[in-house]
Amino acid sequence: MSAASWAVEKRPTLVKVGRWVGWIGIIAVGLYLPQAFPPFRVGQFNTIMAYGLAALGLALLTGFNGQISIGHGAFFGIGAYTTVIIVGDHPEFPWLATTAVGALLAFAVGIVVGLPALRIRGLYLGVVTLALALLFRQALEKYSDLTGGSQGRGVPRGQKFSAPDWTGLANDQWRYYVIFVIVVGCLVLSRNIVKSRMGRAAVAIRDNETAAEVLGVNVARTKVLMFGVSAMLAGIGGSLLVIGSPIPRVSANSFTIVLSITFLVALVVGGATSILGPIIGAAFVVLLPEVVPHEQQVLTPVILGAVLIALMLVAPDGVVGLSRRSASWAWRMLARAADTGPDTGLETGDSSKEQLQLDSRES
Amino acid sequence: MSLLEVSGLHAAYGPVRVLHGLDFVVDEGEIVVILGANGAGKTTTLRSLSGTIPVDGEVRFDGAPIAGRKPEDIVRLGMAHVPQGRGTFMDLSVDDNLRLGGYTRPVSEVEEDKAHWYEVFPRLAERRDQAAGSMSGGEQQMLAVARALMCRPRLLLCDEPSLGLAPLVVREVFERLAEVNQRSGTAVLLVEQNANLALGIASRAYVLENGSIVMSGSADELSEDEAIRRAYLGM
Amino acid sequence: MELFLQRLIDGLAVGAIYASLALGLVIIYRSSGLINFAQGEMAMFTTYLAWMLVDNGLSVWLATSAAMVFGFVLGVLVERLLIAQFSGPKESPLAIVIVTIGLFLFFNGLAPWIWGTEGKSFPNLFGTGSVDLGGVTIKVQTLGIVGVLLAEVVLFYLMFQHTKLGLSLRAVASNRESSRLVGLRVGSILAVGWGIAAMVGALSGTFVASRIDLTQNLMQVVLIYAFAAATLGGFDSPVGAVVGGIIIGVVEQMAQYVDLFDGFTLLPVFLLILVVLLVRPQGLFGRAEVSRV
Amino acid sequence: MTRPNKRHPLTLVAMFALVALIAAACGGRDDDTTTGGGGDGEDGGGEALVADPADCEIYDGEAGVTEDTIKIGTSAPISGAVAAFGKPLAGMRAYIDYINAQGGVDGRQIELIAEDDQYDPNLTLQNVQKLVEEDNVFALVGVIGTPNNLAIRDYLAENCVPSLAVATGSPKWGDVENYPWMIGGLPSYAAEATLFAEYLKENQPDAKVAVIFQNDDFGKPYVEAFKNAIEGTDIEIVGEESYDIAGQADTTAQVTTLADTDADAFLVAATTTCPNILGQMPDDWEPTTYVSIVCTSRTLMALAGDAAIGAYSARATLDPADPANAEDEGIAFFLEEGPKYGLTEEDLGNLNVAIGWSWGEWFVDMLEESPALTRADVMNTAWAQQDQHFGVLLPEVLVNTNGVEDPWAIEQLQLIRWDGQAWVPEGEVVSFEGETNTFADPTA
């Protein structure tokens, strides 16, 4: 038996092993990063992870459930403001507890926003959530006594999330590791949700709401819960953004609709139907400005827009989908070389099946 | 030369092959029925004729090859398709539906034809300003047929007009089809499960199973055939 | 009372602008069932083109007309080159939402690159005079914009109900496959729909630019209110867009009576559309979804 | 089928354990938390330093300075919604190119690294960290935006990095006690609001004032300061309306409401919305109108058309676009040298570009005056300015600072009036020297 045909035969096992190796590799690299980079880079990785969580929330909502939100910046903001306000007023309050509070608040608001989403379907939901993003920004300015408005609000000077002595870590490294663990936890949680009954129900709703209903899926409950969970992830991300910063501070100017759009870009770049994709997408949006030449920075949004359009044309399932498809293609080539493999022609469809779909009024 | 000549027609949805080389003809002015069970490939056959799905094989309409052409061009050649589920413009009025049927014709003809078909289908005339979606299934089926006829086709493709209709209404629809065929000389290619009524108005028939034609003959011959009687006529 | 009347009239004026952009959104929605998030940015872009012409000495009216032509071409190009790529099996409204958001970023970034970041001033189409009616001042500009809006509505009504183009636009929106089966060239019709929408957008862009300075942000906020107007009125109803626009304009003005809404103008608008959508998901004038059998 | 969700609590626990292990194994970073407060705080030499390196855990006084270069940085909105605010950068760049062409500062070429923050304070902080930690810049200059500077000032104070000519007028820059490493490059908004209050006291002592303000970091302190200034006078605010710049296309409702009060003075604390506001004023309402200094651009005034005629504002600088100013030394220099260093025709007519140019000049002056090229020396030089004049400042405007006592650089303003074509000066230049911090509490 040739190596190729062996590989083809063992494909399922290999894929599984490969996946584990991949995950362990990612975690290992993730753990090593703060050892290799200066504090400001480590802070940037924190931003990537925080944005990544918001994009992950969008993936659950959009990629796996077919609902759209152009307002996730608001949920992200809820998390961020919760942390700053609580720690600002009660410096003794543990930082990570504020993340939990922020997550719960975002979840609750997500449920409230998700409720009308039951009736306001598809594209209408896009419009309503877009309005929500702007509304949040206005509320920050309107209630600036609490939020600091556009001037912003910080915690008492010097107060920051610092490393306990026993760790022997620098503050930035400590922040990074804590956030890293939470993010990995959220990734595992999301993966489990997707594989759970609820996740399958969500996908069924995305693909055909009426059919899902006929099959006995509780459409209303699933959609509202997905909205809540999605908002919660964004809320955690927002809180982590603050915790991960050497100068914990928020300003209304950071929570414009541009932020919500940024999350969408991250989602699309990474791949809407993957768990790791949103983090990759977040890395893209955070690091892109650095690769744009300084003289051409005015063009950053143009590049973002062009990338978004190009991706939808050539790889609507994002970077992760693209790699899935090329892996699948490689397997087929291997199978052909081995000439023993089963016809995998149908299997290659599995990533394209997961392209973006949306329950729209006219579908 | 027949009006429609099909040979070696293949079609597939993605990797799933549905039609495996059909050969059949429809002559000028006749009614031909293709019988087949659910999933036999009846709808696919019609869709491949009208250009809504890509095909392999040869399709000649009035001598000209049309395989691979777009539906909007094929309709201009004189082949109209009443799709499964009727394809009415639900939120448009009956009158607008008919006007759209005559989209490829000059305006003067459209008014004339509309008047004509309102005469043939008086129920449509009564409902001319009503949204098509608000009518009963039978009325919508009539509308779909009338709309298809508005382009003055030489061949009318009809996809299971009996689907979802009460038996009495089905009977009326078939009567109308026969009437239209006689009055205007439009050839009709009908796909049906309801063999009883279809064979009643058709001159010839084909039987489609799993994407292949397994039997053909005159309508009378087939209605006598033992296998057909058992499979499609419920006897 | 005078204050109340003044606010009503002001609301009408602002609402007319929202309505005007909302009309463009409705046209696209009607023909393709899509929402164009780049509608405002395309209008901003064509307004810059109009500004260039004015800057080179062309009259405002001619420049505005030229901008409308540009708009039409831009709309057709966007539909043919991008949106049309997503028809057929790959069709997904969400993909198109994201493409239009991409276009939003694209145009929003391109404009300052071409024309700089400094605001430009765009002349007023109707001059600066005003009419006094028993203590209530009405600007000639207001009358002009409302007049143009009414003309737009009448023209659109005639086009949709009484022309072959209008009929085919409605048909394509209603059932794309059947449209092809009766011989409509769906692609071209959709492109024309986008063209008309962008043309209307170009007009509203010049209206807005005559009131605030022309920057790449010209239409962003207006677009949100136009969305609200279309949502309120029903995305498939031109009449709804106009009524929705006027209502939102008036609500925005009247909200000044309530302290809660001071500096928080989106709240009443947001609450309003939320309530309307909950009670009538298709909007005030929208047609309810006809169930398919 | 497996039931992976059952595994998840365990996975999490395992993950925590793993991280704890690895983190402990890896250990901390050597170069980060160097212990020992103080550094080598000897540079300044003086006793009572305003900017004292002893306040910092780590002090790297000569960062970014080599034999032949000085690296400096800035962060500004180069792209994004308010990229227009980034205009001064062009002027600053041009001036630095000019000075480099003249041989630089003490033979050192200045290298300016500008990062884009899209006006998002989070990005500003990231940019500044990058500039300080990776690019190793000596100082920052002309960082734009109130929220943006607020986001970085703790960082600057902790790391003892000077930020000169901070590009906003927020009263907060007067808080030198807590933040000695930054100095403002514009007059305080509070000083401006006070100027208008002073004018009213003199000319309309019982004025009824209508106020419209942007409900943000610009408008709010502006109105606060105005209220402080009229306290105890007969001037009364009869109407107060705010609007949200990001969520509102139109301010008609607010203006209509204010017009209804029949106020005889109108304070417009707005930025780009000024023309809209002026244009919405009904013809029969003719109050004494004051627009903020940021509205004095010709584009904005032109947009407002006739409605703007007679409006008051203030200035501390000369407008390069006004031919009447062509004789001024600073303006002439800017117009002559600017184009040689990349400024376009449009840039030359832009007041903000001219202001950026001026900051460049001021910054270079401070470098040259500094006893040594260390961060503390340069910063303390900024805190001890005497009758300094630079760029396109009005000839009468002289910069005097004295650390905590007098932290404001630009404290002279002149009232001006729009005649439909140009701004015409109204009266003499008013000096608030040393008083700015009394107009608004910088620590509020």
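So that you can tell them apart, the chains are marked A, B, C and D in the order they are listed, and the count of residues begins at 1 in each.
The rule we apply is simple: a residue touches a chain if its C-beta (ideal position, glycine included) is under 8 Å from a C-beta of that chain, and two chains touch if they have at least 3 such contacts.
If you're wondering where the values come from, they're calculated on a predicted model, not measured in any experiment.
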item: Contact distance in steps, from chain B to chain C; value: 1
item: Farthest chain relative to chain C (centres taken as mean CA coordinates); value: B
item: Comparison of C-D and A-D (more C-beta pairs in contact); value: A-D
item: Geometric centre distance via CA averages, chain D-chain C, whole Å; value: 37
item: Distance between chain centroids, defined by C-alpha means - chain A, chain C (Å); value: 32
item: Distance between chain centroids, defined by C-alpha means - chain A, chain B (Å); value: 50
item: Touching two or more other chains - residues of chain D; value: 79, 81, 83, 215, 244, 246-247
item: Chain A, residues touching no fewer than two other chains; value: 134-135, 138, 141-142, 298-301
item: Overlap residues in chain C, where contacts from two or more other chains coincide; value: 109, 112, 117, 224, 262-266
item: Residue ranges of chain C touching chain B (in the complex, touch as defined); value: 164, 167-168, 170-171, 174-175, 177-186, 287, 290, 292-293
item: Footprint of chain C on chain B - complex, ascending; value: 50, 52, 70-72, 75-76, 80-81, 83, 85, 87-92, 96, 99-101, 103-104, 107, 131, 133-134, 137, 147-148, 150-151, 164
item: Chain D contact footprint on chain C (complex, rising order); value: 2-3, 6-7, 10-11, 13-14, 17, 109, 112, 116-121, 124, 128, 130, 132, 137, 208, 211-213, 215-217, 220-222, 224-225, 252-256, 262-266
item: Residues of chain A defined as touching chain D within the complex; value: 27, 31-32, 34-35, 38-41, 43-44, 47, 134-135, 137-138, 141-142, 144, 149-152, 154, 157-158, 163, 167-173, 177, 180-181, 184-185, 188-189, 191-192, 195-196, 241, 245-247, 249, 251-254, 256, 258, 289, 294, 297-301
item: Contacting residues of chain D [partner chain C, same complex]; value: 79, 81-84, 86-87, 215, 241-244, 246-250, 252-254, 256-257, 260, 272-273, 275-276, 279, 282-284, 297, 299-300, 302-303, 305-307, 346, 350
